[in-house]
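The same chain A turns up in both complexes below, where it pairs with chain B and then with chain C.
After this line comes the complex of A and B, so read on.
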C-alpha cells in the first residue's frame, strides 16, 4: 500500500478532494490533472488550425470538423458501453435520424400553409422561415432551431421505445434491438422519397445559432465551424466527465460491474440504463443535426450498419470508459478515413481495429501507453498485478488520480 | 410488532422445492441467525426476502409493509441492506467508490444535476464521500480507500462489502455467510463488529455455518432443513434440540448432512 502523510482521520476532515486521490495534496493534483487534458486539447486544436493555415491546407479543416462531430457520437457510446456496460449497434441510425429530421424539415416547402391562419403566428414565433433555395425560388420551411428541437423530441421518443423493453432484460438484448433498428432505419430512408431515397437530401440551409455563429459549410466560415465543433466536443467531455464523477456515474459503473449487486444497493438499474441510452442517442442525434447543416446534406449510408459498427470500434479504440481517449482516437481515425487514407479498405480497417483491440488491448492502446509513460516518470505508485487480475491491475490508484476516470476492460 | 415477518413462504425450482412453509419474525434490535446444512434453502430464503427471487406463495412484510414481489432496488430502498456469500464488490472501482455506491439511496441528484454540477450537487457529493469515509473507518479500512477493489484480499473484500451495506444506513442488515473464508482472527473481529453494528440500532439477520460464531452472537436461531424450519429459539435451546442434533450429526440418517444427496432425495420424493 502506498504510504501517505497524515493520519487517516485528517482525511475524513478533508472531503473536498476530487477524483480518486487519497490525500488532500494528491486531490489538488487530481484537479490539476483534470484540467490539463482540456488545455492540451484546446492548444492542439488551435495548433492544428494555425498549422493548416500556414501550410495552405486549410481545406483539411472540413474533414477535421466532420470527424469532431462524429466524435460526439462515440463519446455518447463511451458512456453506454464503458460505464453502463451496454452495447448499442444503432448509433449510426440515431445520427441519421437527427440529421434527416433536420434536413427534411428545413428543405421541405410548406408554402401551402401560407394562406392558413397559423402561418403568421408560426412565422412570428420563428418556427417557420421564408428563404430562397439555390435556384432562386422562394420557399417556406421550418426554421433550423425548430427542426433541431423536433429532431431531439423524435429521437428521445424512438430511443425510449427501443430501450425500454430491451433494457429491462439483462444481456445483449440492446445490441440486437439496436442492430435491427439500424437496418430498418437504413432501409426506410432508402425507400422513402421524402428522404430522397439513395441520394439523401441536399441543399440543407445554414443554421444561424446565435450572435453571428453559423453552422455552414462555406469556405469563409470554415475556421469558425471548426472551433464550434471543437467547443462542442470539449463541452461534451466536460459534461460527461461531471456525470461519471458523480453519484450517477458510480451507479452506472456499478451496473457495469455487477447488475445484481447494483440493484441490491438500491439502484434502479433498468431506469438508469434507459436514461443513459437515451442520453447517448440524443448526443448522436445532435451531432447528426450539426453535421447535416455543416455539410449541407445527409445520405442514407450514415444509418448503415457499417457506420454503427465503426462507432463501436472507435469507442473501443479509445478505451471505452476513457472519455479523452475516445475523443482523441475517434477524431484522429475518422479524420484519416475522411481524408481517404484507408482507400477502399475503409471498413476493413475499422473491423481489423476492433478485432485487434479486443484481443490485444481491451483497455485501448492509449492506456498502456499512459501507464508506461508515467512509469518512465517514475514518481507514481504502480501495484504489481495480481494473477489473473488484469483489469484490476490496470486500474491503479496512480492512473486514477492522474486521469480521473480511466479506461477499463472490454466488458 | 416485528420488523420483518415472513409467513408461509414457498419457492421451488422445477421439481426441487427449495423453501416451503417458512414462517418467522425478526424483532427490531435482534441478531437472528438462520442455520442448516448445505442445500437447506438458506440463501434461497435470503434471495426471496431481498427480491432477487419471487416467492410462489407466502408473504414478506417489513415494518408492516409487504415486500413480496418488489424489485430488489425497491426492497433496498425500504431499508434492507445485504451482503453476498461471495463478496460482491464492483472490481473496477476503488474501495472508497464502492462504499460511496452504498450511499446511493441516501442521495438523490439525478443525471441533469450531476452533468451540469447543479447548485447543491457538489455539497451532496462531499456528504457522500464523507459518509463513505466514516463507514470505511468503522470497518477499519481507511488505509485502503484509494485501492482498486479488485486487488483486495478476500477478508478485506468482506469488510468493504459490509461497509458498503452499512453506508446505506439500513434498518435491517442481511449477512449471507459473513464468516466463510475468513481465518480465526478475522472471525473474532467480525463477531465484534456485528455486535457493534447491533449497538448502532441495526437489526441483523444472518446465515452462517460457523457454529461457535452463531452460538455466541445470536439472540435467536432458526434451523432450516430441506427448505422447512425444524427448530427456532435461543441458542441454548436450539443446541439441545434432538431434531437439530439429528440433522447435524446424521442421527436421522447418514446422507442428510450432504446437500447434494438431500436434494436428490427431494427430487425422488
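After this line comes the complex of A and C, so read on.
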C-alpha cells in the first residue's frame, strides 16, 4: 500500500494550493494561514449578526441562515467537482430527499400504532413523540432525531444505488445520469399525495437538538439558528479541508488530473468517486433536513433541475476546488437572491455574474483577491516559493494546461 | 377510435415532439464534436428562433420571417462563440459548460425583457388549427408534416454537408483529430464558429416549425435542452445521426408514458429508460467505444 503513495505523490497537484488562502508552507505558518480564514469567517458572521441587530434588520438573518444551509450543498458539490472532477446535476434532489423524508415522518400521524405493542417501546426510545399540531389536535409522529437518521440512511442507500453504476460512466454521461435522477425525483414528489404534491409539506415541527438548541423559524430562535448554521458551515469546511489534505484527498486529486493515470497508480477510482459522491449527497440531505425544520416546510421545487444546476453554477463561481471561495460565494449570492435584491432581474444578474466570474476568475474570486490584498499589504505577506515549490507550481500549471488542452480537444 | 389507431396517434405525436428533440440533439453533437463543450444554451436557440420569427412575421411574409429568424439566430450563435469561447483558452471544458449555463439563463432573461412572458405562436404554415390530414387511420395536423419534413430534410442536408463537402469534411476532421486537422491547414477557430452557427440555425428552424403546435414562450428552452441532451446521450455523444434517433426515442417514450401513466409522471418514464440504458451501455445506444474519450479523459 505504501509504495502507492511514494513517488507519484509529488506528481499530483498539491491539494494545499487549492485549500483556503494558505500559502502552501509547512509547519506553524500553514496552521496559522489555515486558521486565518476560519477566524475571519467567524468574525464576519458575528459582525453581520451584531450589525443587523444594531440597525434593526434582524429579519435578514432568516435569509442568511437559509443561504448558509444552501452553502452546505454547494460545499459537498465542491468536493465532487473540484476534487474528484465529476459533475452532479442531481444534488437538489438529495437536498429534497433529506428534507422530505424528515418532513413526511415528522408530520405524518401514526396514532394508529397507539394500541399496538410496539408503541410504548418506540415512545420510550423517543422514536415516536406525541405532540399537537397548530390546530390543537394531538398527533403521534416520528421524532425529528429519528426522522433525521432515517433521512440519512435513505439518502445513503439512494446515493449508492445511483452512484454505483453512474460513477462508472465518465464525463458528460454522469452529468446526464444525475440530471435524469433529479428530474425523476422532482416528478415523483409532484405526483405523490404523501409528499403533498405541488404544495409540498407545511407544518414541520421544530427540532430540539440538545440543551436549549432548537432548529426552528421562530423569531426568538433566529440568532441561535443563525449561529447554528454558521457553525455547521465552519465544521463542514473543516472536515472537508482535512479530508482533502488526507490520503483520500490526494487520491481524488489524482482522479481529477487524469482518471486513467490514477487507476494505473493503483487507486480504486470508482470506490473513491462513490465515497465522495455519497458524502456530498449526505451533506446535501443534512442541509435539507435542517432547512426543512428551520423553514417549517419544503416544496417540490427544491428538487427541480434548475436548483441542481444552480448549485453546480454556484460551486463553479466560487472556484470549484476552493472551499472558502465556494462557501462565501454561495452564501452571498443565495442571500442576495433570497432577499430579492435584484427584483425581476434576479436570474439575469445571476447568469451574468456566473459568466463574468467563470470567464474572468475560473479559480474563484477569492484567490485573486487574496493575492491582490497580500500584494497591497507588502512583500512579507507574499510567500516566496522555494525553488522546489516553484518547480512544482510550474509543473502544476503545465499539467493543468495540458489538461485544459486535452479538455478542449486540441491535444 | 380503436386502440390501434390511438397507439398510432400517440406514436405520431411522440415523433413530432421527438423531431424537435432530435434537432436539439444534433445541435449538441455538432458543437460537442467541434469543441468538446456541451452547449446547454442549445434550447434557447429554439426559443429565440420562434420568438424572432413571430416578431418578423408581423412585418413580412411567413417564409421570409422564418428564414430571417434562422439567419439571425445562426449569427447570434456565431457571435456567442466569438465573444466567449474563442477568448477562453485556459479554461477547462467544465468551466465552458458552466458558461453555457450562464448564457442560457441570460438569453432566457433577455427574451423575457425584450418580449414578455406571453405565449405566442406563428400561424399554421398551411391550413389552420382545425384542418387535419388522415394518415393510416390517425388524424394529424398538416403542421406535423411540416415539422417532420423540415427536420428530416435539414438533418439529411446536414449529413450531406458533413460528408460530401470540403467544409463539412474539414469540420469532421476537427472533431476526430484537431491537431492533425490544424496541420492540414484547417482553421480550427472558423470551424468552431461554424459549428455554433449551424447548430443555432438548426435549433431556430426547429423552433419556427414547432411554434404553431407547441407555442413559443421564453421559458421553453430549458426543458428542450434537457430532452435534447437526453437524446444526444441516449444515441451516443459525438454522432449527429445517433442523436436524431435518440431524440426521436425520447419523444416516443414521452408520448408512450403519457398514454399509460398519470400525467404527473410524464417525464419519469423517459428518464428512467435513459438511466437504464446508460447503466447497461455507458456510451449510449450507438456510441463508439472510444469516441470522445480523448477529450473527456
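The rule is simple: the second predicted complex is superposed on the first by the 336 of 411 C-alpha atoms of A that agree within 3 Å, B and C clash if a C-alpha of one lies under 4 Å from a C-alpha of the other, contacts with A are read in each partner's own complex, and residues count from 1 in each chain.
Heads up, the rule we're going with is that a contact is a pair of C-beta atoms (placed from the backbone, for glycine too) under 8 Å apart; a residue touches a chain by one contact, two chains touch by 3 or more.
Computed from a predicted model, the values in this text were never measured in an experiment.
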- Which partner does A:305 reach: the first (chain B), the second (chain C), both, or neither? second
- Message: Contact-wise, after the overlay, does A:366 reach chain B, chain C, both or neither (first, second, both, neither)?
- Response: neither
- Message: Contacts for A:246 in the overlay, against chain B (first) and chain C (second): which applies, first, second, both or neither?
- Response: first
- Task: Would you check which partner chain A:279 touches, where first means chain B only, second means chain C only, and both and neither mean what they say?
- Result: first
- Based on the superposed arrangement, let me know which partner A:155 touches: chain B (first), chain C (second), both, or neither? neither
- Message: I'd like to know which partner A:333 touches here: chain B for first, chain C for second, both or neither.
- Response: neither
- Message: Going by the contact rule set out at the top, does A:355 touch chain B (first), chain C (second), both, or neither?
- Response: second
- What is the contact status of A:260 with respect to chain B (first) and chain C (second): first, second, both, or neither? both
- Query: Now for A:60: first (chain B), second (chain C), both, or neither, which partner does it touch?
  - Reply: neither
- Task: Could you tell me which stretches of chain A are touched by chain B in one complex and by chain C in the other?
- Result: 258, 260, 401, 408-409
- Query: Which of the residues in chain C come into contact with chain A in the complex?
  - Reply: 35-36, 38, 84, 87-95, 97-99, 101-106, 108-110, 113, 175, 178-179, 182, 188, 222, 226, 229-230, 233, 237, 262, 264-268, 271-272, 274-275, 278-279, 282-284, 292-297
- Query: Considering the complex alone, what residue numbers of chain A touch chain C?
  - Reply: 81, 85, 87, 165-166, 168-173, 175-177, 179-181, 183-184, 187-188, 190-191, 197, 258-260, 305-306, 309, 312-313, 316-317, 320, 345, 347-348, 350-352, 354-355, 358-359, 362, 401, 403-404, 406-411
- Query: If you look only at chain B, which of its residues touch chain A in the complex?
  - Reply: 50, 52, 71-73, 76-77, 81-82, 84, 88-94, 96-97, 100-105, 107, 109-111, 114-117, 121, 124-130, 133-134, 137, 142-151, 164, 168
- Residue positions on chain A within touch of chain B in the complex are 1-2, 8-9, 11-12, 15-17, 20-22, 239-240, 242-243, 246-251, 253-254, 256-258, 260-269, 275-276, 279, 321, 383, 386, 389, 391-393, 395-397, 400-401, 408-409
